[in-house]
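Two complexes follow with chain A in common, the first pairing it with chain B and the second with chain C.
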Partner chain A sequence: MPGQGETEEDHEQQKSKKPADTAFKQQRLPAWQPIITANTALPVFLIIGLTFIPIGIVLVITSERVLEHDIDYTDTNCMSTTAANTTCAQALENANYTGQTCTCRINFALDKSFDGDVYFYYGLINYYQNHRRYVRSRDDNQLLGKEGAAASECQPFQKNSTGSGKDYAPCGAIANSKFNDTLSLLYGSENVSVTNLGIAWSTDKAVKFKNPDNASNYFSSTHDKPPNWKLSAWELDEPNPENNGYQNEDFIVWMRTAAMPTFRKLYRKLLRNSTFQNGLPKGDYTLVVTYNYPVTSFAGRKQFIISTTSWMGGKNPFLGWSYIAVGIVCMITFVVFFILHKTWKIQNRPPM
Partner chain B sequence: MTQIDLQSFGFIIGTIITVVVNLENALEIWYWTKFYHGTLWMTIIIYFLFYMVAYSTTFSKIFRVNFDYVGVAQSVLFTGHFWLVLLLICAILLLPVYCREFYRIRFQPNETDKARINQKYRHEEKAEFITEFRQKVQLKKQLARSSYAFAQEEGWGPLITSGRMQVRPNPYSRTSHDLGMLHASPSHSDNLRNLAETL
Partner chain C sequence: VSPKQKAEVVELIKRSTDDITLAVGDGANDVGMIQTAHVGVGIMGREGVQAACASDYTIGQFRFLTKLLFVHGVWSYRRLCKVLLYSFYKNICLYVMELWFAFHNGFSGQILFERWTIAIYNVLFTAAPPMALGLLDRCCSAETMMRFPAMYKMSQNRSDFNIKVFWTWCLNAVYHSIILYFMSYAMLRHDVVHSNGIVFGSHLFLGNCVYTYVIFVVCLKAGLESDSWTFLTHIAIWGSIASWFLFFIIYSNIWPTIPLAPEMRGMAKYVFSSLYFWLGLLLIPITALLADFIYNW
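Now for the complex of A and B:
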């Protein structure tokens, strides 16, 4: 017959197109199927309920043990020591934000002694450090001390276009808005010993920030300080060159942009020597504020926070209460399903 | 007042999403082959390994890049707080799916579910066995004195023809000859066969 040769070859080719007879290719893989019956599901609910409630209780207790004291010093609390009857916020506004300084003293008392390690934070409210354009406004290469012009991402804080035309060091909106209040504590008449080291992330300090070579020349002559800064970067902590310039830990902490509009950042740590060996004792304290940072124009607020810490971080009762709530819901589900399981019979069903 | 920074927050959200979505998929899947096991667990493991490497300081030193996320994986993954949050959110998001599946299979099973449960627990086999066993015991009691030797005695004829001696068909058995005749009485030859077996 004509074409018989081709059909034989086709037959050969068709034979070779057939997939191999393995379990994988013929979809015969051994498979397992979980079937959720009452025997498996009810214990799951019970176990989850019984483990979550104790975890929640432990978390709530741990959070309750953390002691915290905050002082809002934005306006009414902080009365200027120089001008009569004006708050520091008002004093800055009266001077039209031209870089005036205002000092104030706030007296407060701790009714419990804060034992252990004590941390001091500054907190800002209604401050959007997570604004998209703000977060991008930095130059990571410049912060590593590399040569080159400041990145265009830093606009409009890239270079001093009205004055000398030099690049800002550090450039960008994040650096420009660095928090520059000074907060110190007095216990009676004694200064509370604090340290400004060890407050930034160790990874940040190790790899993200490095001073350029010949730093004092770099910061004073070849580059300008950002427009809203009072001091240049090389004057941030002159006694300690490791903590100066870009490597200043307050600066590093500020450059880690916060996620929420209500945030706090670590400012100082208590140095536990002499009177403060066990922490902060109970008693009367005075907070001395050098008020430089204006926040009232955007309805922001500033706080000074004293807090101890636990293995879980700061005071956070919400997680504990969530665990307890989920545990209770699980237990209720368990009880409801158990009752339904025992009472609801289905027709034509073999007993389970 | 939170202390968390923007990059850590984003990383936490991304991690929780990856883990929860994979586990939710696992609850929906019907055929757990070894390939699926591999895909599921390797996705989660590789996610964590990848970000631990990509956000490590060693990586950024080797490649001399500086980016926002350096050190984020280290600061997030090594705190107990994060793992507690992950566990809680997995529980909150997966338990409703689990409840729904349990409710559906237990209280509103469709035919496929009933067949699967039956096959898993072999209910029908057990029920058939029990019924047969019970019938055999009953039959033994009933036919204790119905041996053929006594068939000529008076009274046996009406007893046999009355139908009390008939073997009730086993509703759980699946023998081929009573397909479609589940409630019919067995034929006469079956009856004699049953009688003979019990002797």
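Now for the complex of A and C:
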């Protein structure tokens, strides 16, 4: 019959158009429906409180154990050994920053011995290595030793346009402003043995910085040294060709632009032999500074920092105290809501 | 009653009240009113397919209308609201951090995160959680919704998306970004976060730590806001976090083989080898979400 035939066709048509009856398409996926009740939330706070507070205590103690000694040698501490009654900062200013150098000696004492590995840093304050124009002023291809002109991001430190017209090697503002004070330590009259290797990121040294072929020719004739540099890159560490040119670790450390305007950079590591086998002994020391780097014109400050490390790193109690604080907040929340929960439960009981 | 008159009745109601109108019909003479109403529902079947073609929603029988409204209508409303609010939240949370960083870089406009990381944020790392919220979330099962039709009121009184709710989410995003940025900043301020004395240098190190914490907070926030966790929700949340870790590891190793992102080279190695990063990962996202957890409770 025609009616039945049509209905059958309709049924077939309807069957083919009907969406599949799977859990996904019919919105029937099994689900966990978390409802946060007192019974689930209170243990969470208790557990967080009980784990965070001990972690925090351990971190604070670890940080307290790290020994650190800072010496600010920007101005008044560093009196010139040649000009009478002038700070080195003043001496540089008097010479109008024309590459004058100045030496000073600062006596200080360590009242505790610094046991274990000791690290020496130079610190800068109010120095914005994270400024946008500064951060992009580099040429990573040039630092790989590749051929080619220096990148335009390096401007105005791209090439020596007023003089020879040659590209600067390395180009850019970051390279040009490389820190060039020398800091050495005397223990009484003995030199403290240090190494300038192993201070940079190992990936940087292995992969990002490579000297070009025929390096001495590259640095001395085909390229110029940056305007603020006294030595060319090939004179940074001549006895050690692996640590010379672009691969010089002090240079690599400097090129990793710091995150904040107050920062430190690893300068040297203690070589633990003879007197310094166990670290830096307690006693009187002298810091000998060759003051080349002017910072007073922008209210910057320079520091020399001696520090040990813990299994975590340097001295920073913030994390420890935060753990303790959050742990205490959780415990207080737990106690408050526990009391509230108990009182309401009692109130909700039906009358006898 | 002619089609034009049907449409005019709907128009009258629309103009005299503030209400949302819905028209349901199954024949060609209902097309006018279906198109005039805010929501048009067409019944596909006996009288042909014209009504269905002109409608916003098509159902097979009149009795399906209850399920369309009470189940799918409410679900759809709640899901849309969540997706909208969440999308604003996750973007505000990340980008406001550039403002906090500006205080520390002399307002020079330097960004804290690497630019491709930022670009892929919405495309890959935080794309799945809003999809899970929008497709799968449901406050109650279909049977419950049908049994208690009064729950339909939820979608009628603007409870899920209004000015107050919107600004609360925005402020929540700012609050999270403050905790995430400033705690990370204080944690990493003294530069030496490895036991071998190396200085981490690089704003990108701070940026990548903060970025990881943001991904955690933002994805877990989606989970917190989700009323029902299906296995796809789990995949969306944990999978997004995993995709960031994977991307980070790969992206930190491509220079100079691929001439891209020289500043990221070695990042993953140094970030993951720093205990400060891991301890911060345990502390900082939990601190950020603590208030949200209490509020949801």
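Just so it is clear, the second predicted complex is superposed on the first by the 329 of 352 C-alpha atoms of A that agree within 3 Å, B and C clash if a C-alpha of one lies under 4 Å from a C-alpha of the other, contacts with A are read in each partner's own complex, and residues count from 1 in each chain.
Here, a contact is a pair of C-beta atoms (placed from the backbone, for glycine too) under 8 Å apart; a residue touches a chain by one contact, two chains touch by 3 or more.
Just so it is clear, the structure is predicted and the values come from calculations on it, not from any experiment.
Enquirer: Fit or clash for chain B plus chain C once both are placed on chain A?
Expert: clash
Enquirer: Let me test your reading of the model: by the given contact rule, A:32 touches which partner, first (chain B), second (chain C), both or neither?
Expert: In the superposed model, A:32 contacts both chain B and chain C.
Enquirer: Does chain B (first) or chain C (second) touch A:260, or do both, or does neither?
Expert: both
Enquirer: For A:303, using the defined touch cut-off, is the partner it touches chain B, chain C, both, or neither? Pick first, second, both or neither.
Expert: In the superposition, A:303 touches chain B alone.
Enquirer: So in the superposed three-chain picture, is A:128 touching just chain B, just chain C, both, or none of them (first/second/both/neither)?
Expert: Touch partner of A:128: chain C, not chain B.
Enquirer: Report for A:52: first if it touches chain B alone, second if chain C alone, otherwise both or neither.
Expert: Touch status of A:52: both partners.
Enquirer: Between chain B (first) and chain C (second), which does A:318 come into contact with in this model arrangement: first, second, both, or neither?
Expert: second
Enquirer: A:340 in the overlay: touching chain B, chain C, both, or neither? Say first, second, both or neither.
Expert: So A:340 only meets chain B here.
Enquirer: Following superposition on chain A, which residues of chain A contact chain B and also contact chain C?
Expert: After superposing on chain A, chain A residues 29-34, 36-37, 41, 44, 48, 52, 55, 59, 121, 130, 135, 140-141, 144, 201-204, 207-208, 256-260, 262-266, 311-314, 316, 319, 322-323, 326, 330, 333 contact both chain B and chain C.
Enquirer: Across the complex, what residues on chain A touch chain B?
Expert: Of all residues in chain A, those touching chain B are 29-38, 41, 44-45, 48, 52, 55, 59, 70, 121, 123, 129-130, 135, 140-141, 143-144, 201-204, 206-208, 256-260, 262-266, 303, 305, 311-314, 316, 319, 322-323, 326, 330, 333, 337, 340-341, 344, 346, 349-352.
Enquirer: Considering the complex alone, what residue numbers of chain C touch chain A?
Expert: 60, 75, 104-106, 108-111, 136, 138, 142, 183, 185-203, 205-206, 227-233, 255-256, 259, 262-263, 265-266, 269-270, 274-276, 279-280, 283, 286-287, 290, 293-294, 296-297
Enquirer: In their shared complex, at which residues does chain A touch chain C?
Expert: On the chain A side, the touching residues are 14, 24, 27-34, 36-37, 41, 44, 48, 52, 55, 59, 117, 119, 121, 128, 130-135, 140-141, 144, 198-204, 207-208, 253, 256-266, 269, 307, 309-316, 318-319, 322-323, 326, 329-330, 333.
Enquirer: Report the residues of chain B in contact with chain A in the complex, numbered from low to high.
Expert: Spelled out, the residues of chain B in touch with chain A are 1-10, 30-35, 57, 60-61, 66-68, 70-71, 74-75, 79-81, 84-85, 88, 91-92, 95, 98-99, 101-103, 105-107, 109, 114, 116-118, 120-121, 123-124, 127.
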